[in-house]
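Taking it in order: structure first as structure tokens, then the write-up.
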Amino acid sequence: MVNITINGKLVQAYEGEMLLAAIRRENIDIPALCHHEAVEPYGACRLCMVEITKNEWDGWKNHVTSCLYPVEEGLIVNTHTPTVIELRKTILDLFLASSPHSTVIKKLAAEYGITRTSYEEVPDSTDCILCGLCTRICDKMGFSAISAVGRGHGKEIAPPLKEPPPDCVGCLSCAYICPTHYIQFTDNGKERTIWGKKFKLLRCEKTGLPTITEEFAAYLIKHREIPEDYFKINDLSHRRELALKMGQITQWGREA
Amino acid sequence: MKQDFTTIPSIIARHPRKASSLIMILQDIQKEFNYLPEEAMRKTAETLEVPMSKVYSVATFYNAFSLVPRGEKLIRVCVGTACHIRGSKVIREQFENELKIKPGETTPDMKYSLEVVGCVGACAMAPVVMINDKYFGSVKTSRIKQLVGKG
Amino acid sequence: MKARLIVNPNLCTGCRTCELACSFTHMVGGKPGLSRIYPLDGGFKDLYVPVVCLQCEDPACAKSCLVDAITRNPETGAMVLDEQKCVRCMACVAACPFGCSLFDRINNLVVKCDLCDGDPACAHFCPTKALEYKPIEEHILKSTG
Amino acid sequence: MRISTPKQLKELQKKFQDRDNKLAKKIIVCHGPGCLASGAEKIYQEFKKILSEKKITGITLEALKKTGCHGLCEKAPLVAIEPDKILYTHVKERHVVDIIEKTIKKNEIIPELLYVDPQTKEKIVRYPDIKFYSHQTRIALRNLGHINAADIDDYIRVGGYQGMVKAVTKMTPEAIIEEISKSGLRGRGGGGFPTGRKWATCRKVEDDTHYVICNGDEGDPGAFMDRAIMEGDPHSVLEGMIIAAFAVGARDGYIYVREEYPLAVINLQIAIEQAREYGLLGEQIMGTYFSFDIQINRGAGAFVCGESSALMKSVAGEVGEPRAKYIRSVVKGLYDKPTVLNNVETYANVPLIIEKGADWFTGIGVKKNSGTKAFSLVGKVRNTGLIEVPMGTTLREIIYDIGGGLIDGRPFKAVQTGGPSGGCLPDTMLDSPVDFDSLTKAGSMMGSGGMIVMDDRTCMVDVAKYFLSFLVSESCGKCNPCREGLYQLYKLAIKISEGRGEEGDLEKMEKLSDMIILGSLCGLGKSGPNPFLSTVRYFREEYLAHIRDKKCPAGVCRELIRFEINDKCDGCTACLMACAYNAITGSKKQPHVINQELCTHCGACVTVCTRNAIDVF
């Protein structure tokens, strides 16, 4: 264990964990839009920045992204200094200019007292804040179907050649993980569409209810060695089947 | 410009078959075809076992790559600091007017492409224009018609 | 693995206390969550089977999870799903051959039995001892004896 | 042939020196970036043609030499005659015969090709007598203009690889690091981090693999020192890298070269092959257990790849996105292995420090800033070119003594150093010394060495806008403050330059700048607001003129200016021809008129007018 001070309170943190985890365990609310436990920290949104210092630093202070900074013995962390708040406000103000219609951004900005951006709204703005969560989760899952395209202010997230991505299996993880709900998809129970690619959903042979996409199941069968049979019925039918099997065994026991 | 894609595998084969060769392969392809044909990017992804999305990401991140065919003559107007204060903006505009295209575009006859570049490292001769691999220093607006003609 | 959740359908009356106990133990935002245990029709008269995760030796849920959100708790032996890591791709829900990874539509969460960190509420509240959480040795002794 | 003992190298050097001494005269045709852009290749070919046709006694083709940048690019193309140290400027193909017939054969000087001192109007024969050269001290650029870059023998002749041989055969890695630390050598790429400390940290990391990388991604616009070294003296870079590799225990090295520098790639490649042939690269160098080889990676056009973590990603074939550096790349760099990354000029300094010792090096320059620094002196200065001066030299000495003052004798306004991360310093700072610490204190930075001189016709708002536009297009786009913050800063600069600025805009920009510096992930963002901050610090009045009076005092910002033709116009029609918008009318030998409706204020007419007949308001 490592001893650190967060906002004046002495707390213990686990060796190797990032400051953000320790801060959140203390129920201190700091925003972090590009952070998700499933992927490596990235440090793009800069909202989780905090002030750090140590007694032996002679008053020298540093500002770091807490999602990326590992805890250190004796670290003194302040999550809401005037400078840190000013920085968060500026970042949210900038986000509000680049994604003026995002409800998530609007709400978060309002929490910091900003209702309208003080900057020029970016033309052709979208709700995408380029946090990179979608591409990172897609990489982590092993598909790498989408990526960042271009750079700088013109950067966007897209499939290769901006065509329906061949490597996408329609798992929707990107859409789920997107902090601003920018990634759109449709799912009518038979068919799913995301990134312009259409997927057929597997259906339970017993109930007819949809499960995952055919492509996703095929991937799990091939790369994760899940038996093909498992995907024939849905979870409800699996449970019913199990109950009936165990019921049969119990019944044999009763009869014996 | 070559449209014979059969050379692609041999270009890729010049480099070690590992992910770190990606940029170098794309550079060689760009040199050969003047742009990155889709097929070449796919073949590269396949050979190096790198996801196509990564190839596309790299291809769009770096200035050196073009996803559309470029003209026979690539005119690069240097807009580095030294060139900027010695009037490269006017030079760029004169090329735009002369060729009737904007930077990043190619004339419909595929003869010229116009680009601006951060600095070509010939700052002492500012303003500088590069036409294909040739440098032209101390460029004056009056020389632009002539430069378009040669190069 | 020190203890195991033992299901004895012979003793189950289908009272569904286990479901309630599970639901209330796994609160989401102060409201009862989806139960991870279901007493289902065993196919015979007065025969109910409480279906709950078997905490498999070679679990399909963990194998299918591409973000490694399902791992075994070495203390309890339970396969535990880390909600913070889960990205709702539904791979485990589709892959579990016993249907014991579930999707909680109301709270938009994938859930599965975590043996309540070593004190499963279902067993605790089961009025008939159809569900018992027992040390492994005792259970092995009984079944072999 | 493999060189495996120090003695062997000495013998070789002697042999090459003797061969060289036999040449009565040497003709140096500069092939630096400036000369190449001015037709140096044609001049070289002409010399080659005539020399092979004429068969002059004592002057064989060996006497003709292509070298790297000689320095005085403004007067390109340059031809030097050695050992007499005669420098001919603005040489054209037609002069070649003359040079051979007169200077080579008869030792006659050709006055019209000589450099003319701008102050005294005196013609100067020998280049060491030209102030541009006499005020310099060349270490990193020591061989430029003297040796053939494509010939390792020529490098060995001037003492090349002596430092490396000494390091590998006579010194321990610890002793090398100690020597470099003692020399006080600081990173010439701009940051000024102590090189010795960097190497020491890297060596200490326990790992079976260490890497050495040379940053040749000279991205700062207005800088070409590294280009000149890589093109003109590639072996000095290799030698420095070999010493670094031996010191930190690396087996593989990479040189990352900007894509805009094809000749640098060619010359480095030749150098690497020659070094391998001599056994100076490859397995068991100098008969020791030390093996090291170098590979070239061409950059693909991304300024951000000058940042160390982005560069390493690019070497690995990925998108050059920087990563947060709470773990330094010296510890976890390329492929997560401990990596030493230094720039071209730093490596070029290393062999001499090892050969001559740290004390020699600390004897040059000033305290905590030992040695020299190379600059590309460009912009509105008379003698543009490549220079190297001891640390601590004042800006005034550089601009007025070496640079010869400003073009057309116009007033000095500012000098920009440090590229897009640096700043603009006004005339009040002219006497401040040029070193890492003084420049940073003044609100600029050393940077890689671009030094751009600006006169009164340069608008500081426009300069800030220029750098911001550069950074907006070069930002990788990963983190919000850099991607969105610099974009908004750029938009505000445009607003001011177009005369739409309001009270409070400057304060808003200053606040935003502070937040970008505080919040950005990498050096690009953290230093991105510097060009704005330094111009607003020293030239606030000029900003206010744009905001309050809607005027651009320098006559640059198009929305705020107007061109008019005055009575000096003699109707030469040059402006009329230059105007792409048909805004100028008038017949030959009659005064012309600008139609203000059609005029876009591009300034093309001003640049062609030789009569000073166009006023800017």
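So that you can tell them apart, the chains are marked A, B, C and D in the order they are listed, and the count of residues begins at 1 in each.
Please note the rule applied: a residue touches a chain if its C-beta (ideal position, glycine included) is under 8 Å from a C-beta of that chain, and two chains touch if they have at least 3 such contacts.
As the structure is a computational prediction, the values presented were derived from the model and not from experiment.
Two chain pairs, A-D and A-C, are weighed by contacting C-beta pairs, with A-C ahead.
Per-chain Cα centroids separate subunit A from subunit D by 44 Å. Chain centres here are Cα means. That of subunit A falls 26 Å from that of subunit C. For this pair, subunit B with subunit C, the centres built from the Cα atoms lie 61 Å apart. Computed centre separation for the pair subunit B/subunit D is 23 angstrom, with centres defined by C-alpha atoms.
In subunit A, 148, 150-151 are the positions where the chain touches two or more neighbouring chains simultaneously. Shared interface positions of subunit B, defined as residues touching 2 or more other chains, are 54, 57, 61. Chain pairs that touch one another are A-B, A-C, A-D, B-D.
Interface of subunit B with subunit D (complex): residues 19-24, 26-27, 50, 54, 57-58, 61-65, 79-87, 89-90, 93-94, 97, 117-126, 128, 133, 135-138, 140-142. Remark: subunit A residues 36-39, 137, 140-142, 171-173, 176-177, 202, 211-212, 216-217, 220, 224-227, 229-231, 234-244, 246-248, 250-251, 253-254 touch subunit C in the complex. Within the complex formed with subunit B, the residues of subunit A that make contact are 135, 138, 143-151, 159-161, 165-167. Considering their complex, residues 38, 41, 51-57, 60-61 of subunit B touch subunit A. If you check the complex, the residues on subunit D that touch subunit A are 302, 304, 319, 323-324, 326, 472-481, 483-485, 487-488, 491, 508, 511-512, 515, 518-521.
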